[in-house]
Amino acid sequence: MRHMTRLLGAAVLSATALTSAPVHAEGGTLVIASSQVPRHLNGAVQSGIATAVPSTQIFASPLRYDENWEPQPYLAESWQVSDDGMSVTLNLVQDATFHDGEPVTSEDVAFSIMTTKENHPFKSMFAPVESIETPDAHTAVIKLSQPHPALLLALSPALAPVLPKHVFGDGQDPKSHPANSDPVGSGPFMLEEFTAGEAIVLKKNPDFFIDGRPKLDEIIVRIIKDPSALLIAMENGEADMYPFMAGSQEIRRLEGADHLEITNEGYAAVGPLNWLAFNTANEKLSDVRVRRAIAYALDREFITNALHRGVSQPQRGPIIESSPFFTMPDETYDTDLDKANALMEEAGYGDGMELTIDFIPGPKEQQQSVAEYLKSQLKKIGIALTVRAAPDFPTWAGRVGGHDFELTMDIVFNWGDPVIGVHRTYLSDNIRKGVIWSNTQQYSNARVDELLAQAAVETDMDKRKALYAEFQQIIAQDLPLYTINALPYHTAYDKKLVNPPKGIWGTMHPMDRVEWSE
Amino acid sequence: MSTSFILRRLGYGLLLMLGVVVLNFLLIRLAPGDPAVVIAGEMGGATEEMLESIREEYGLNKPVLVQLWIYVSGVAQGNLGESFFFNQPVSKLIAQRIGPTILLVISAQLLSILIGVFLGVIAARKPNGLMSGFVTVFATIGYAVPVFWTGIMLIILFASALPIFPVEGMQSVKLRDAPFFTQAVDVAHHLVLPAFTLAIIYLAQYARLSRASMLEVLGSDYIRTARAKGASERSVLFRHALRNAALPILTVAGLQFGNLISGALLVETVFNWPGMGRLAFESILRRDYPTIMGVLFFASAMVVVANLLTDISYRWADPRLRGRS
Amino acid sequence: MSDMTDYKAESPAREAWRMFRRNVPALAGVLILGIIVLLTLYGQFFYAGDAFDVVWAPHEPPGATAEYPLGTDYLGRDIIAGLLTGGGPTLAVGAVAAAITMVIGITLGALAGFYGGWVDNLLMRITEFFQVLPALLFAMVLVTLFSPSLWTIAIAIGVVSWPQTARLTRAEFFKIKELEYVTAARAIGARNKRIIWTVILPNAMPPLIVSATLTIGVAILFEAGLSFLGLGDPNVMSWGLMIGANREYILDAWWPVTFPGLAIFFTVFAVSLIGDGLNDAFNPKLRER
Amino acid sequence: MTALLDINDLRVTFNTRYGEVTALDSVSLNVNAGETLGVVGESGCGKSITALATMGLIPSPPGRIAGGSIKLAGEELTGASDARLRALRGADIAMIFQEPMTSLNPVFTVGDQIAEAIMLHQKVSAAQAFKDAIALLDRVGIPSPAERARDYPHQLSGGMRQRVMIAMAVSCRPKVLIADEPTTALDVTVQAQIFDLLNEIQREFGAAIILITHDMGAISEMADRVAVMYAGRVIEQARADDVLDAPQHPYARGLIDCIPALGKGETELREIPGVVPPLHLLGAGCAFADRCAHKFARCESEKPLLADHGHHPAACHAVEEGRI
C-alpha cells in the first residue's frame, strides 16, 4: 500500500511519473538529500560528515554506539579492556564477509586501524596504538603505549571503518587509493554507483553479517548544493531525509511540511560548535582584556534567539554542553557593555581600535550573519570591525591556517571524545602553520597542556571529568576563543520511516534498522 | 568538400587546444598558493609529513616545466590527471558530466535558432509591423536580462506559483530503475526550464539577426527575380531568402558556441544541472586545478568541434565557398 | 532610392547626430542610463547608509516598513542601499572592462588589418586561440588565481572579450586601407604609424563606437555573472553579489534577488538601446526602416 | 485596336521622410506583340519604376500605384489580386534585370532556378522541368548546357548569367518581356550578342519587348518606338527613327547629341550639364527647366504636357511655341 501512495505522490509532482511504475522490492528506497559533497567514500582517510554518511553504510567497524553513549557489538561480538588500560582485545564475529565475498579477519582490523592512524587527519584517535596483534583470524589485540579511554569511541563506524586488506593493502597510498571511490566493505549496503558530486547509490548487502538486515533495498544519497532546490525536493517527496540541516529558514520551512518529521537528535557525538576565535599572537588580541571585552560585548541569547530564530542552543565552553564532560564555567561572559568598555579602557584602547573578522563562506546564518552582528555590537565598545569576506573555502582556510587573521568565525566539531575533537584546538604542540582546525589561535598554556595530557590517559570517568572541568575553567579565563552556540543540526525525514537515525552519531551510523512503515 | 580541409582544420584545432593546455597549466602553477595545503584542507586537516606525502603523490614537488611535460604528455595519452578534490581521474568526472552539458547546450542552441529564426523571418516580412516591433523589443530585452537571474525568476515562478516543471537536476532519482522511455520523458521534463533559460538570450539575438539579415536579403536583386518569376511569398521567404540569410546566422551560431558554454555554466549552477559547467564552477571554488584544466580543455574542444561543424555547414550552405580553402 | 537622397550632403557626424536625436528608443536609453548613473553616483548622499550595514530584521518584505521601502535581505541589510552602492562597482567594472577590451582589440585588430601578411596571420591565430577558450570559465580562473578585486575582474573580462573587437577593427582596416584618401596619405609620405592612428582609425570609428557601447553591456552582464557565482570581490557590494548572496533564500524572499536583477537589466537595456541608436545613426543605409 | 500592353496615365507615389513623393506622373505607354518599345532616360527618371509597376513589384509600403491603369491584353492589372499577379508574372510578363551578377540566387544552381520558373507556371515534373531548363540554356547559346545547368551563378561569367536570366524569362513564353538595362553590366562584345539573342527570341516567340536603357545605341539597334522619360514623366514618344533623327524636347536632343559620332557601339552616355532634381523638390514648372538652355518664364510656372506640336509628341513649352 505504501508503494501506491508514494507512487501517487511522485505522480503529482512529476508528470512523467504518470507513465512509470518503478518496481521496488520489499524494502524500498531511501533518498537522502545532502548539500555536502564527499571527496570519496572511505572514512578511514577522510574526516567530515559528507564521507562519513556513506562510509558508515559501506564499511562496518568493530563497535557501534546506542543512544546512551554505550558501546554495542558490531564486527566485534565482544571486547575486553585490560585492567591497566594498555590493551584492548576484540573478538570478531565468525561469519562476516566483505562485499566481494572474502571473510573479515583480524588481519583486516589490524590493517585498518593502523592505516587510519597513519592517514586520518585526527592523529589523536589512534596515536597511542603501538601495534595490533592477531593471535587468530577472529581476535585482534590492540596494544597501547598509554591508557587511551577515547579508543572505544574511536572504534565507531564513523571513525574506524574496517577496510579489506586484500584491496587497500596493495601498496598504493591509502589517501588516494582508487578503491576510496569504489570501495568494498562489510557494512549493510554496498556501492552500486558513485557519481562524484552528484549521487551515491547504495544497494542492500544480501550477505550482511547481521541476519534480517538491512531492511531497506537501496539508499540513494542525492547531492543538491542549492538550498532552495533541496528544500523543494524534500517538500515534494523527491528526497526522504535531509540530515545536517542548520538553517533556521530551512528548519522552519520543513516543519511546515505535513509528511515530514523534524528532529535535532542524532548529533550528540558530532558536537558541532560555532565560535569566535582570536589570534592570540596578534598584538592587539594578545591582551586577554581585549578578548574579554569583546566577549562581554556579545549576546549569545540574541544570536541564538534572533539571528538563529531560536533553533540553536547557546554554548558556553569548549566541550559541547550535551557531553558528559561538559562543566559550566564560572565565567560565561553574560553581556555587560560597561564592563567591556572598562576593560578596553584598562587595556589602553579607550580611543578604540580597528579589527578585521573573517568567516567561513557557506553556512551564512552561523558565520556571516554573526560576523555582521559582531560588527554592530563591537562598535559600542569602540572597535571598528571590518568584515572580510573570502570568496571560497580555500581562501578562508589559507588565511586562518596561515595565521593571517585577527578574528575569525569558525565551526569545529567535538567528534565524540574530547581527545579527538577538543584537544587539537588548545594543545600548544598543535600550533601548526598551514593546518586548518589545529591550534590556529596559537594559544599556549602549560597547565592546559598538562591537564589535557592527563585527561587523555585517565580511565576513571570521574577523575577524567574533573580534569576537563579545570580545563574548561581555565579556557573561560584565558579565552582563546569565545564559543557562541552549538550548530542547530536537524534531520528532516519522512514520517513513514521507522527507526530513523537518532543515535549519537545520527546518519554517520549504519542504517540497517531503518525501514518504511506500511 | 575535401577531407583534407577537414583534416587541416582538425589539426589546427588540436594545436589551439595544446595552447589552451599549456597556457592554463602555466597560469595555475605560477599563481600563488600551495595546492597541497588545499588538498590537505579538504581531507580535514594535515600534518607536515602528510603535506609532504601529498606533494610527492601529486608530483607537486617537481620543477614546473617537468610538471608541464608530465601533464601535456599525459593529456596526449588521454590522461587528464587526478582530481585534487575527488579521489578520481579527471577524465572520469568529465565523462560523467559532458553528456548533460552537451544535451543542455544543443537543446538550447536548437531552441534558440529554430524559434529565433522563425520570429525573425516573420518579422522581416513586414518591417514596420507589430511582429517586427515585438521582435526588436524582445531582442533588446533578451539581450539585457542576466541569464542566471532569468533562471532564478523561473524557479521562483515554477517552484511555488505554477509547479508544473521540476526546477532542479536532470532526473528524478526515484525513476532511475524505470524503463528507458519513462526516463527520457523525465529528462525532457527536467530540461525544459534550463534549456529555455539558456536559449532566451540567444533566441532574442537570432530573432534580431535573422530579421536584419532577411531584410537585407529581401532587398536584393535575386529576390526581385524570384518574385518576377511568380514565386509565392512563402517560397520567396523560406526558400529563396532564408537560404541566403542563413549564412550570417550560421556564422554567429558558430561564434556563439563558446558563449553558450559560458551561459551553460551559469544555468547549470542555477538549476543544479549535473554538467561540466557546474563541475568547473565548484572545482574553481575548491581550487581543484586538475579538474579545472580538464574542463577548460574539454570546453575548448567543444568550441573547436563546433567551429569545425560551422565551417562545414557554411560550405554546404554557400556554394561560393566550395572548392576553396 | 537614390531619388530621395538629400540634395545637400551633411557632414557624417552631424547626420549621425540628427538621426540619433530623432531615435526615440535611443533617447530613452540615454535617459534611463543617465538616471541610473546619477543614482549610483549621488544616490548615497540622499539615501544614507552603508550597504553592508545590518539595519533591520532579515527578510523584511518591500513596503512593510516606510524606512526600507524595498525591504531587507537575509542579513537585514537595506536593499535600496545595496542598489545604490552596488551600481557603482558594476558600472565601473563594465566601463573599465570595455575600455580594456577596446584598447587590446583595436590595437591588435589595427595592426593585423593594416600590415596584413604574417602580422595578420600571427595576430589572428592569437585571436582564435582566445575565442576557443570559453570566456566566463577562463575569466573565473583568472579571477580566482589572482584573487578577486574590481581590477582583476575588469582585467579578466577585458582579456577574454577583446577578440570580437579585434576582428571588427581588422575588417574595417582591410576595407579602409584600400580607399583613395589612404593612398593619398601614403603618396604624401605619411608614416605607417600616422596612417594607422590618424587616417584610418578615425574613419573606422563609427562601428567601433557602436561595438564599444555594446561591450559595456556585455561587460556589465559578465561582472554580474561573476559576482553571482561568488567570484566578485566579496567586500564590495555589487548587484551581482546581491543576487548571488540572496539566492539560497529565494523560496522565502524574492525581493532581494529581483530588484538587483532589474537594476542590471535596465542598465544593460539602456546601454543596448543607445548602441542600437548609434548603429542606426552611423549606418543610415543599413537602417532597418 | 488596343495594344497588348497598355499603360495609361499611370501615377506611382512613395512615402518618404519628406512626405509623399510622386515617382511616376501621368505615364502612358503601350506596346504590341512583336514590337519593341525603347524607354530611355537618365538613372532616376522612372524607367525602372515603370517596369516594376508593370510587374506588380512596386515595394509596398512605401510605394503604391496612385492612379491610372495597366492593361495586359485587355486585363486590368492595377487592382488585380496578388495571386493573379503571381500567376501572370513569369508566365505572361517576364523581366530581365540590369545586374546579372546579383539577380541570380547564389545558393541554387542555375538549372534549378530556371526549372523553378517553369514549375511555377506549368504542371511538369521536377525532372522534366530541369530537362526543359537545359534545353532553354542551349537555346540561349550556352555551351554544354547540361553541365552548366548544375553550376552555381558564381561559376559563370556575366554574359553567361545574362543568358541564364533570358532563358529564365522566356521559359514560359511570355507575351511581354521587359528588359531593364540588360547589357549595362556587360562588356561591349557581349552586349551585341545579347541584343542579337533578344531579337532572335522576339522573332521566335513573338513577344512584345520593353527595352529600358540609357543607351541610345541600343535604341537605334533594337527599338521600333521610343519613349523618353525625365523625372517621372514621358516627355517624348515616337517611332525610333523619328526620335533619333529629329528629337524635339531639349532633353531628348541632349541625349542624341551625346552619342559619340564614331562607333555607335561605345555608347557611354555623355553627361548633360546638371543633375536630375530630387523628386521631392519638383516645383510647379517643367522639371528640366533648371538644365534647359531654352528656358523661359512659362517653363517655371506650368508643367508642359505631352502633345504633338508638329513633328511628334513632346512635352515642351519651347517646342509648342516654336522657340526651337
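Order as written gives the chain letters A, B, C and D; numbering starts at 1 within each chain.
Going forward, a contact is a pair of C-beta atoms (placed from the backbone, for glycine too) under 8 Å apart; a residue touches a chain by one contact, two chains touch by 3 or more.
In this text the structure is predicted, and so the values were computed from the model without any measurement.
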B-C compared against B-D, more contacting pairs: B-C
Chain whose Cα centroid lies at the greatest distance from that of subunit D: A
Central chain (distance from its CA mean to the mean of all protein CA atoms): B
Geometric centre distance via CA averages, subunit C-subunit B, whole Å: 22
Rounded Å distance between subunit A and subunit D, as computed from the means of their C-alpha atoms: 90
Distance between chain centroids, defined by C-alpha means - subunit B, subunit D (Å): 53
Interface hub residues of subunit D, defined as touching at least two other chains: none
Interface hub residues of subunit B, defined as touching at least two other chains: 128, 155, 159, 284-285, 287
Residue list for subunit C, restricted to those that touch at least two other chains: 144, 230-231, 247, 250-251
Subunit B-touching residues of subunit A, taken from the complex the two chains share: 10, 13-17, 19-23, 29, 31, 37, 39-40, 42, 45-48, 119, 121-123, 173, 175-178, 180-181, 195-199, 201, 220, 222, 224-226, 228-229, 232-233, 236, 238-239, 391-394, 397-398, 401, 424, 432, 434-438
Residues of subunit A touching subunit C in the complex: 226-228, 231-232, 249, 253, 361, 364, 368-369, 372-373, 375-376, 387-392, 395
Contact footprint of subunit B on subunit D as seen in their complex: 55, 57, 61, 82, 86-91, 94-95, 97, 99, 102-109, 113, 116-117, 120-121, 152, 154, 165, 168-169
Subunit B - residues contacting subunit A, complex: 33-34, 37-38, 40-48, 50-51, 53-54, 57, 82-83, 85-88, 92-93, 96, 155, 159, 163-164, 166-169, 172-179, 181-182, 185-186, 189, 270-272, 274, 279, 282, 284-287
Touching residues (chain side subunit B, partner subunit D) in the complex: 128, 220-222, 224-233, 240, 243-244, 317-320
